[in-house]
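Here is the structure we will look at, set down as structure tokens.
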Amino acid sequence: MQELNNKIAELLTNNLVSIFISYKKGLNGKIKPAFFTKPNEVYENYFGDEAQQNLAVYVHKPEVKKYSKVGILANIFALKALLQLYAENQIKDNYLTIVTVNQDNKVIVFADFNEIESYIAQHQIEKNTNKQKEINELLSLSREKRWEFWVEQLSSCIKCYACRAICPMCYCSKCTVELNQPQWISVPAHSLGNFEWHIMRMMHLACRCINCQECSRVCPMNIPLHLLTTKINSDMEEEFGQIAGMKTTLDFALNTFKVDDYENFIR
Amino acid sequence: MKILSGKIMNYKTLKIDNLDLFFNEIKKSGKNLLVPKKKGKTTYFSSFININDVEFNYIQTTISPKSALFPKVEELISFKKDDGTYVVTEPSIEKETIVFGLRPCDAVGLEYLSNFFLNEKSDFTVRLRKENTTLITLACKNFDENCFCTSVGLSPASIKGSDICLTDIGNGLFYAEIITDKGEKLIAEHSALFSNAEKINKESYVAQVPLKFDSDNLIKNIKNYYNSEKWTINSLPCLGCGACAFVCPTCTCFNIEDEANPVCGTRLRCWDSCAFGIFTLHASGHNPRPIQSNRWRHRVLHKFGYSVTNMDTLSCVGCGRCIRVCPAGMNIIEQILDLQEA
Amino acid sequence: MSDFEPKIIAFVCNWCTYAGADLAGTSRIKYAHNIRIVRFPCTGRIDFMLLLKAFQSGADGIIVSGCHPADCHYTAGNYHARRRWIVFQNLLNFLGIDTRRITFSWVSAAEGAKWGHLVNEVVDNIKKIGPYTEYAKLGKIGIGSISEGNYARIE
């Protein structure tokens, strides 16, 4: 898209950014992330439906952080991720220039995160009813059947951690799975290790996950991780009315409480 | 690199319609038969149950068949406290396994993998598994833009590493090349299903995979590439997961984990990957490969450099799995072409 | 199943439930002996992973207990814990883990009798539903070659 290419080239030419993260077509035709450092590279820029990856994951990569000013093309999920990262104090001031293309194909350069907040508020992502249906189907099964389903799914996990690597919200420099004093998560990819890994990951992402479903997309074993992320997010919304990636200030359900939080199971 | 070939002992044909019978006979004989299956976008190897869930429509399986020799988690020893003394048991791997449907490049990959484990000190479990495993390769009719076997000295017609190689020659027939004694033995057990055949020229029945790069030139120049600036910029997309290594038929890195309490325990060998940041992290806190570009470089140079020095062979068979699976679109072919361009 | 003696692990806070259990003892209230108590400074410190570790080690049931709302020694530990329990319980249930085996409760330092009752009830209940082996068995699934299938099934 010419307007977008011009914008990226302009940002690079005027030294407003030293690197711009966008997409390009790889040798095999697959769309992949592109890191432009010079205006004359920008002709390679790809814009279109095949650009799926949530690029927000790169803003905390050490090699990217070396560039003092980073530009990024953000789709709606990347915007939500960036907003959540900002709320979690993970983005330095004046580090990012965030660009998006709206539904009318207009290029928008955000002045600050408040603008992103209102942009997201106006561009609600429709709830995926299919996923909700899948979840309800699972919930309507007996507990034993649900257990069988998840044992079968999670047993196949090979612990490649692609789901963690692709996730913009998984930024800990030392993940719990890498700690061994004490060892919370069993390292081998047997079913026990896999259950521990996925339960821990979901607990750490509850109300931080912006449900971009990248983890599900990249899993080599085709494990339906989106069911877990969608479930935990809708739980958080139902129980506490809080959703990640909506506000510039931290709105993290597990960091706060209400005296009258409702439950019906504590004796 | 010259085209690698083995010595063929015998030629046969097998009616494709008889595969079902063949599989069921194997199953009945109590052996474990691994066949490709599909779940969503993933093709993987799993035990044969029914011909209907065997997948035939794949360029290459998502996951390599290496688990047959080198599973994602395996027990090396286990111990148990019994009457105050500890009893240690080594695992027994007796069940004969037959892998059906791996590709010619995979057979070479598994050969590399077992050579690696059996090289200096023969690894106990890999040796047992290797002795008990028969590989029935399916020559490729199709390829995609990520296949590059021909660039690493192989081809869809190569039979190296296979015990039996099947090629679809039309008219509902598989042409079977029987390469090893293990292959002979298996065919003999099911001889009623196989008919004798003459040697034919396979070339016209298999995919013609175009050359992507010149590996002789790559091997010759590989030392000059270590300090190339291209590693950094090219590896920016790489996220440091283990996907590429875990799907690769020749990646052999592992980690040993003890899971034990005072009463019983096991020592487990698990897959590991050089792409993980903590893979090379020392106890002192020093990390000789501190950034992702170092790790990406290590992966590529291992495949095309270090293994040539150490084992006199490339350790990439061009199956393209790492390219297909990478969540960030990293492409080993692109990297090599870019290095060679300079 | 009548001779089945369940193993119950109780994770309790130091200031209320532990003191409550102590009171049950000093008041000579008799209750089921199937319980092993692990003391924590506060329910806010009871990591969800500990519950999973208990199941892994063969617990048939778990009790998690602390100060009543508004009574936490550290003001709000139990309010935070309560939110975490809500999420955790939903997640475990979604995964098909048997949440009937986890009992959450508030037991104050003065409620020795309540503690005794609670333990008895939990033990009776777990005796009825039987031993929990599903979760502990997970550690055996997925080891070895793909002979068991990459997608393991439990027998």
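First chain written, first letter: the chains are A, B and C, and each begins at residue 1.
Following the convention adopted for this analysis, a contact is a pair of C-beta atoms (placed from the backbone, for glycine too) under 8 Å apart; a residue touches a chain by one contact, two chains touch by 3 or more.
Please read these numbers as outputs of a predicted model, since none were measured by experiment.
Chain contact topology: the protein chains form a complete graph, every chain touching every other one. Among the other chains, the CA centroid farthest from that of chain C is the one of B.
Chain centres here are Cα means. That of chain B falls 45 Å from that of chain C. With centres set at the average Cα position, the gap from chain A to chain B is 32 Å.
The set of chain A residues that touch two or more partner chains comprises 156, 186, 188-190. With touch defined as above, residues shared between interfaces to two or more other chains in chain C number as follows: 139, 142-143, 150-151. Touching two or more other chains at once are residues 39, 44, 63, 72-73, 259, 268 of chain B.
Per the touch definition, chain A reaches chain C in the complex via residues 135, 138-139, 143-153, 155-156, 184-186, 188-192, 194-196, 199-200, 202-203, 206, 228, 231-232, 235-236, 239-240, 253-254, 257-259, 261, 263, 265-267.
The touching residues of chain A, when paired with chain B in their complex, are 26-33, 35, 37, 53, 57-58, 61-64, 156, 158-162, 164-166, 178, 186-190, 193, 214, 217-218, 220-222. Considering their complex, residues 139, 142-151 of chain C touch chain B.
For chain B in complex with chain A, the residues that touch the partner chain are 39-42, 44, 62-63, 72-73, 144-146, 232-233, 235-237, 239-243, 245-247, 255, 257, 259, 268, 270-271, 273, 276, 278, 291-293, 323, 325, 327-331, 333-334, 337. Put simply, chain B touches chain C in their complex at residues 32, 34, 39, 44-47, 63, 67-69, 71-75, 91, 93, 95, 97, 129, 259, 268.
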